[in-house]
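Each of the next two complexes has subunit A plus one more chain, namely subunit B in the first and subunit C in the second.
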Partner chain A sequence: MSGTPEAVVKKFPHWIEKMSEAIVGEEDGVWIVKPNALRAVAKYLKEKKGYDFLANVAGVDNLLHPNRKEVDRFEVVYHFYSTERGGDYIAIKARANAENPVLPSLVPIFPTADFQEREIWDLYGIKFTGHPNLRRILLWDGFFGHPMRKDYHEAYYEEEHRPYNSRYPEGHYVSQEDRTPWKNNLVFPNAFDPEHWQAPEIYYEVGQDFKNIEKLKTDRIVVNIGPQHPSTHGVLRMIVGLEGETVTGLELELGYLHRNHEKIGERNTYLMNIPFTDRLDYITSMTNNFGYVLAVEKLMPKVVVPERAEYLRVIMAELTRAMNHLFAIGFLLNDMGAFYTPSLYAIEERELILDLFEMASGSRMMCNYMRFGGVAHDVDENWVKLAIELVHNRLPRALDEMEALLTTNEIMLARTKNVGYLSPKDAIAYGTSGPVLRGSGVPYDIRKAEPYSIYDRFDFDLITEEGGDVYARYMMRIREARESVRILKQALRDLPGGPVMGKPLPYMVKIPANEAYTHIEAPKGELGFYIVSDGTPNPYRYHVRAPSFVNLNSLATMAVGHKIADAIIILGSIDIVLGEVDR
Partner chain B sequence: MFGSGILKGLGVTLKHITTSYLDDVKSIPTRYAGGNTIIRQPMNEEGLFTIQYPEERRVLPERFRYVPMLIYDAETGKDRCTACGICAKVCPAQCIWIVRDQNPDGKPIPESREFYVDIATCMGCGLCAEFCPFDSIKMNHDYELSTFKRYPDLVYDKEMLSVPTTYYAQLYPQAWAEEQERARQKAEAKQKRAEAAAARAKAKEAAAKKAAQIKAAAQKQSSTDV
Partner chain C sequence: MSENVESEVGVPQALRRNIFTTALDAVYNWSRSSSTWPVMFGLACCAIEMVATAAARYDMSRFGMEVMRASPRQSDLMIVAGTVTKKMLPNIVRIYNQMPEPRYVIAMGACATGGGPFKDGYNVVSGIDKYIPVDVYIPGCPPTPESLMHGFMKLHQKMRSQSITNVNWYNKSYTGEVPVPILGPDVIDPREIPAMSKAVRLAREAKE
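== the complex of A and B ==
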């Protein structure tokens, strides 16, 4: 944002309260917008400045932050990007007081704010006026309290100063299960009476506006798909309103795998968080590591990553992408009813890639491979030889085989063409990213729009598909995996020698008080990490912008009007992993 | 032609069926004859990709990590661990618990008396092994740890965690060779330093002698002058 703070405040006196303290990349700070002007500012950014992509909405509780003692307690940060121009984000903040935290909702302008604002309401208790459906999203509706607030103590770890000392302070091993649920792990409302307590209503009237669907002469029924259902890719519950077989409304019930990753992240040190990020999207742990270490390195200006480590990071990330896209296609087939056999064809190469990961990092799925300032282990000659063999022969052949199996297959075409259409405008508005966004014809890939690491050195194409339907997303994945192979060929060819780690960092790094949002192009979309540090060894605020979670915003729009069997395929085409959705 | 895509797809399936059967036929009469057959998919594997565990097992790479192990010297029986506690501080799951040993006077000594790892909470990330300054913790390759009771069977004490250096050398041949090389270099450097120190001492001595001689000579001369 250009201009000195005074000039900006003078230009928009009725919008801007003041400027925030300096953050990474914004020496002047960012706008702290008056709550009642929030929508006006968002509209201005969207329509006048071209910032049409609201990537991230994150809440912050300022209660214990050493530099923010005087300010209002709650803060919501919005990060906007431009899908046309690319480049860096623009951030605005809005603050709400402790007694009555209320902010206007941005859902009318950016529908993508829907899930993210619900998450903030759930975890921070900030109300958003004008939100169409403001209820808890990750936690159970009967939950008492808002766990991400700084005065909400996590069960068992009730120290103010984290990282906490030890799980076994006196060396006593107590089974955590024995302590729950009726001992000291529960917080009850003041006047809680278990005799007269009634479970909250958790079945909702499902329904979007679906006037365009002809009224059929059938009973309207509501069907729960999941949480235990093979087609929901995990523990996800879809509440579907049906007229006959046609979906007339769809609501998602999330949070069955919720473990408050962010709260855990705030009690851990920066280093301890790396293995936890593996568990976000457990198919693509390498890219999760990548995003996280980039985010923390942004806050550590002195850290220099050696060349070889940069190449290894890119190699791992692209192997992950190729593997993830094959996996997604395989399980899309599973959703279409081609049970297990074709999906196993799709993950044969994954087996070999996981072998490579295991040789490099020690684990197949929970890699824990990247570190601040490099990677954990070097790879040897033999590894590079195997990787070259894989990238030059096997992966292209596997992709060809997938195409022979599917691309012209009439059943595939019948099931996926014109199913789950998402217009480019909607795709941006709903904040979708990755193959879903590009499958709708929006050329926005973070590796091109704002190249991180060393992606600017490689020659690869930005893939888009114009269809906007399930078939386009399938083609998108095949073609993008081919581009990954292209990057891999170049990276393995140019892989330089040398160390993989600069000066080894201590196990407890202290980072000066600052904040940054970093996003990378994960296989499923934009994976962002918003980190606020306060100078202590653990992050003050650690927020994960999970691509699967935000992409699910668009599911209802895509599925309404289709048959219920198609809704399953549409869900499969978004390619979600519940470890990341529920965090 | 309508249907050609399906036929093409069926061709792919047919190819997979034949290759997997051919793969199986290669090992006639049976693939699992020898009990613990250890196989690994090579990069040119076609056909069968599945491994029939537990009859077949994969070859584990050296860096494979599962749960921590504590290394003691096979010759002297002395622990490498000095109870510095870095592993316990760096552990993301906080599943390590150490008690430092004391000598009879009650002063703490650099050895651990108790060392527990709660395997049930361990996430196998390997950070303890990575940050151990004495190469005392390494990750074990033994992954068959199931028991009937979580407590206390899955809380490993020092006895269960300890392995001799010979076991470590067998599990991690490359890292062991590197470690030996480092130790050798260190010893060499130490010897070199000692030699240099000795040489310096000698030179100093010689210089002192010479100085004394010169002084004596000067005194002699001065006395003759008088």
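== the complex of A and C ==
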């Protein structure tokens, strides 16, 4: 693998003079870049070619990959998009050797790489030179090992792949759980002696360089919010530096709900991962299913999805979006101090949508509804009737009611206008997506930019708000929910008959060795799945680009300079779900 | 209340319609079980169903349970709603320790009960009952609001079956404190430290 690949020459003729040294090869449509040229290439892509949106950064361990025995063990893949051109994708990867895995950090060029590089350091042990704060992010400082490496085995490790051969067909019913020495899910280094062990010291540097407030003499304190706090939307922890009441610095501590989604996903078969995706963003399980099945279908040759299934997928996804936006607004109000009542109004319609989900899939929240090549169950006429009633009457009325109560509400305006401003430039640089990005006036919606499924058939508007503040994000959600209702009306009108599933696929579907990054517009932003397959029934690498996780990059920038009570509603306006942030 | 009991305790005839006599246990348990305040504490997906249970359709306030306290010091019940991760574990144990007695714990959903679908993950604790005592387990992933309410019924049943004469929280030597786990290379249970150190020492000596 050397020399400049053909595709590079074709796509960028001018690259030859400038970048031919940097690109050393191509593999499955991804260019391999020399580590020392990585920053130069990224800068070139951003400044000269308009690839300003670094969507995804993922690490891969090549240790067991059958086709990658010759190459360096670790690699990091970067997926770039262009917000100006609405999509247009390019992917590059850089490799690092097993003994000393070091790569240059892209944080100076793309601030969005901050959390994602920390995650790779945490889970793969790849160091990034020039990263401002390379601490563990999902696990705690002092954790033993880097768990996503292929040679890291959990305490309950039984076999490489599920379903376990050892349990079937003869089946020995002693599970690994009963064979571990501590009867517990614990891994300790050899000869670890807790009596002589000292915890590492962690120092949070928050807000030490803020000198703008001189007039009033106030105290400097550091306040810890969470992980058990009613306004953190789950188990998020914020360490906030304060000058009086003004936020001077904010650092996030994540991972309190790190459920090893990716590690478990690599041991599952492709099909077994669908119910796990439900539990990523547990408010919007349908869109998670949708993103995942689209990602796997992209890698499968010749999968045809029937028309009716395509419509059902879109209907479910848009119902989810409307529900999620109402939920987000209700809990934003909760954060402002309007405890309970607004959120009760907001989740009134949610129950009706969940009823529809339960009728279709059998479960209220964890729907597990979509399959490769279709959906699991058909819906009957009664379902469609109820859905039409909901979409034509209840949902628009609920949105009108919300707007009547909130949009011109004086307290609402006072609390949200000009709070948490994020400039369009920052919004792109921090990799935010969904209502946060469009709330800053950047017209980038994947449903419009790269229409997936059948979104190109519907008539709906790309909503943007120019404000860039909490109020703009609130308006974004209301207006986007209205667009969802518009799509739903069309989809329910046009819903064709026919089967909902093509040819049934085998349980252990094999996928040819390849890799792909697929993204959809989930209610919270860009939900991406990066899948590397090696020809076996299990994904070799399964990475989730979670919108809430990446959107959190921008929180510190938005919150600094505001009062601490505003920091809470700024967090609420990003609309995070911890299942997705920590995975 | 029977006439006999009232005459035995000496309630004057004129007040018999206004005064009821009953067993202390019955009143004590009735008041406790009708105002069980949960701590506002959610971990994962199950917490959303807990919110749905508190909301209009299912309405937890029918059982006097709508008062979700943000502080564990004002609450009687902890609903462990979601996956217990190792990183969160010390905090959960601390919250439990801060709750005043009598305190109850509901393990809501598969994860809190036994690790659930994420059981073999490296950061997942397979069930909160490895560290703190649990009163009611609710199966489901996530349990529907109906099954959560069934869990409440079971808890109330348990509360009503307790007697003030033998409950352990009036015992002076009883604290109910659970030692807070330590985040070392992995979670260290302080109760296990002597055994772990001994094992390491023995292994070292055997080598020498």
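Note that in this section the second predicted complex is superposed on the first by the 509 of 583 C-alpha atoms of A that agree within 3 Å, B and C clash if a C-alpha of one lies under 4 Å from a C-alpha of the other, contacts with A are read in each partner's own complex, and residues count from 1 in each chain.
Note that in this section a contact is a pair of C-beta atoms (placed from the backbone, for glycine too) under 8 Å apart; a residue touches a chain by one contact, two chains touch by 3 or more.
Nothing here was measured: the structure is a model prediction, and the numbers come from that model.
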Which of subunit B and subunit C A:Pro147 touches, first, second, both or neither: second
Contacts of A:Phe276 with subunit B and subunit C, given as first, second, both or neither: both
Subunit B versus subunit C as contact partner of A:Glu348, first or second or both or neither: both
Partner chain(s) touched by A:Glu401 [first = subunit B, second = subunit C, both, neither]: first
Contacts of A:Glu70 with subunit B and subunit C, given as first, second, both or neither: neither
Partner chain in contact with A:Leu578 - subunit B first, subunit C second, else both or neither: second
First, second, both or neither for A:Pro194, with subunit B first and subunit C second: second
First (subunit B), second (subunit C), both or neither touched by A:Gly362: first
Contacts of A:Gln228 with subunit B and subunit C, given as first, second, both or neither: second
Shared subunit A surface residues [contacts with subunit B and with subunit C]: 275-276, 344, 348, 351, 366
Sites on subunit A touched by subunit C in the complex: 138-140, 142-144, 147, 152, 154-158, 176-177, 182, 184-189, 191-195, 197, 199, 227-230, 234-235, 255-261, 263-264, 275-276, 279, 282-283, 343-344, 347-348, 350-351, 354, 364-366, 578-579
Subunit A partner contacts - residues on subunit B that touch it in the complex: 2-6, 8-9, 11-13, 16, 40-41, 43-45, 49, 61, 63-65, 86, 88-95, 97, 99, 114, 116, 118, 121, 123-127, 130-131, 139, 150-152, 155
Subunit A partner contacts - residues on subunit C that touch it in the complex: 40-45, 47-49, 51-52, 55-57, 70, 82-83, 85, 87-88, 91, 95, 115, 117-126, 130, 141-142, 144, 182-188, 192-193, 196-197, 200-201, 203-204
Interfacial residue positions of subunit A with respect to subunit B in the complex: 163-164, 166-168, 171, 173, 175, 268-269, 271-276, 341-342, 344-345, 348, 351-352, 355, 358-363, 366, 368, 376-377, 386, 389-390, 394, 401, 404-413, 507-508
